[in-house]
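Naming follows writing order (A, B, C, D, E and F), and every chain is counted from residue 1.
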Amino acid sequence: MKIAVLVNEGPYQHQASDSAYQFVKATLESGHEVSRVFFYHDGVNNGTRLTTPPQDDRHVQKRWTELAAEKDLDLVLCVAACQRRGLVDEGEMERNKKDANNIADGFRISGLGQLIEAGIVADRLVTFGD
Amino acid sequence: MEEEYAGDVVKRFLYVNRRMPHGTVYALESLETVLIGAAFDQDVTMLFIDDGVYQIKKDQQPESLEFKNFSKTYRALEMYDVEKLFVEQESLSERGLSKDDLLVDVEIISREAVVDLMEKQDVVLSF
Amino acid sequence: MATLNIVNKSPFEKLSLEQCLNRAAAGSSLLLTEDAVNAAVSGTAFAARLSEAAKSLTLYVLQPDLAARGFNDATLLSEFTTVDYPGFVKLVTEHERVHSWL
Amino acid sequence: MATLNIVNKSPFEKLSLEQCLNRAAAGSSLLLTEDAVNAAVSGTAFAARLSEAAKSLTLYVLQPDLAARGFNDATLLSEFTTVDYPGFVKLVTEHERVHSWL
Amino acid sequence: MEEEYAGDVVKRFLYVNRRMPHGTVYALESLETVLIGAAFDQDVTMLFIDDGVYQIKKDQQPESLEFKNFSKTYRALEMYDVEKLFVEQESLSERGLSKDDLLVDVEIISREAVVDLMEKQDVVLSF
Amino acid sequence: MKIAVLVNEGPYQHQASDSAYQFVKATLESGHEVSRVFFYHDGVNNGTRLTTPPQDDRHVQKRWTELAAEKDLDLVLCVAACQRRGLVDEGEMERNKKDANNIADGFRISGLGQLIEAGIVADRLVTFGD
């Protein structure tokens, strides 16, 4: 079955991203497909490569990046939400005249249409939020 | 970047709005999702229950907080072919509100009808 | 002067207002802000609870938050006094401590 | 199969559990996750409400979230079935749609 | 970067803990504040009410979520001279909990005493 | 009177930062002193210079930066919270071996002790959160 996932909160402050990660891992291990993980609202903050969590704690961004590489996951950050929160890739850096970018490997920035498309294409959409 | 979906699947999308506007961004970013989603020609329904009914209350002046006033956009939904707007009667009553307090034309339905409506959907988005 | 209690969430969404009212000392004050301002409006399911609370607490509501959500003075419970941001500051200075019930 | 409803907040903090129960169709399911798992524990002020809900809904609770908060199977209401993450996935596939009551 | 405060003012600080652990970061980051604050030699009290009582529940195994288990740190508070820990009886009762369910030695007080305690503070921190 | 302010949530997602800003402005206009604004939890996300909010909306970070410059405000981001969320200045960039920084003018990163100190020094501490 094709399953899409929506993550609405950033790392650490809320459990949403952790729950989504555990759910995605279990989905893949159960032999299903995760067609997309869409990060909306503060969820886009999962995609910064600039975090340095305590060494004895999990590294939320790295876990996503590694899982994406291993399982060829599509991790999409909503562009409008990124602009409100300060998530920037090369393209956004140029477009909005910023002097730095902070996106992590394995994530891409795209439009909200990708969420709708995920809802159409997937058999189920599961939301994790606050 | 944005590849428009060009398939011919039509799914029933329900947007459930349950939160007050302005205290959090969810109402605004939910509305933005509906507007973008309109381009995909799906079967869209918007439902306002619990504190979500405040999203379409008349006379909102978020300019008092330097916020932009997106409440008028609910009136423009018709132009996007988003025409099925439902509000739960019980949610209005608990809050001392009636149809006259709402800024857009909606259909007011009972809680029982809300239950039925939810069970008819393919995708439920509730932020 | 006693505590200035602040609540910022709708009583239809969170229990923080009720939890505050259960611990607010007699003679202290309550200010409703942000998504809590609907509790100051007449005709809601919480109106009686707030009128009851007014017997031991002084009740305030933040006017710009009311206006943002489409409420005006005419729709308020009579027990509430509206304040603007300078009024909010004055309340803070006039109370011994501020307790935000998050 | 009907809807899989998901609630993730304590009923002592937010009203989302009650608001979900008021709209969950007979024959649908409810999964408690994250900070909502305490509602599956026996002896709380919400136990009777959940036992009542079990008459028309199938009730599940996410085991890793229970364990994180210091609860084990012995302390649960008998109406609840625990699931792990693979079980959560199975519930998602077995229901027609998922509704997260945020 | 961190200039230690070296004055001789002693204020009564009350940390009010009202949320469940693990679902949000507030319990952990509140505890971190108490630990850092201990160096300032203030008159510190920690109060657990509402869902905050779950923060000090026994047998927490957040390792099941790949979270670090900070619940044991509450036991170390004594070493930081944070010795006044209060729990509200009513909050425990509503949740079917008793003193035996708690992992640290606390004083259980009535709601009435909670009200009094709050009114005696200079600074109230509730995250 | 000396008033300190604590902000626990990031920009846009919650009203906390907006409410704090309006409160700080009114405090200064009332002739009081704002001894410090401390940003904790997701509040540190107010301090990134990489946001590009819609042009018809307020710019939360710029407002803080401008008010700080104008009124000589002390805007402090908690270092531990910054590390969990990816807020980085030059020093943190070097220390944590990051390849970019994102802190905005007018903000500085420091320890949680600055919150306690603010509570000691100020006559009142007012918290804005979720």
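By definition in this document, a contact is a pair of C-beta atoms (placed from the backbone, for glycine too) under 8 Å apart; a residue touches a chain by one contact, two chains touch by 3 or more.
Quantities reported herein were computed from a predicted structural model and do not represent experimental measurements.
In terms of the distance between Cα centroids, chain E is separated most widely from B.
Taking C-E and E-F together, the chain pair joined by more C-beta contacts is E-F.
A straight line joining the Cα centres of chain B and chain F is 33 Å long. One inter-chain figure worth recording: chain B and chain E are separated by 40 Å, centre to centre, where each centre is the mean of the chain's CA atoms.
Centre-to-centre separation of chain C and chain F, using mean CA positions: 26 Å. Looking at chain C, residues 8, 12-13, 15, 34-35, 64, 97-98, 100, 102 sit in touch with two or more other chains.
Within chain B, the positions touching two or more other chains are listed as 22-26, 50, 65, 67, 123-124, 126-127. Each of the following residues of chain A touches two or more other chains: 8, 12-13, 15, 22, 41, 54, 80, 84, 125, 127, 129-130. By the definition given earlier, chain contacts exist for A-B, A-D, A-E, A-F, B-C, B-D, B-F, C-D, C-E, C-F, D-E, E-F.
The part of chain B that touches chain A in the complex is made up of residues 1-2, 4-5, 7, 9, 11, 13, 25-26, 29, 32-33, 36-37, 39-40, 42, 123-127. Of all the residues in chain B, the ones that touch chain F in their complex are 22-25, 65-68. Chain contact summary for the complex, chain B toward chain C: residues 19-24, 50-51, 54, 57-62, 64-65, 67, 71, 94-97, 101. By the touch criterion given at the top, residues 1, 3, 8, 15, 19, 22-23, 25-27, 29-30, 32, 123-130 of chain A touch chain D in their complex. Every residue of chain A that touches chain B in the complex is listed here, in rising order: 6, 8, 40-41, 79-81, 84, 91, 109-117, 119-121, 125, 127, 129.
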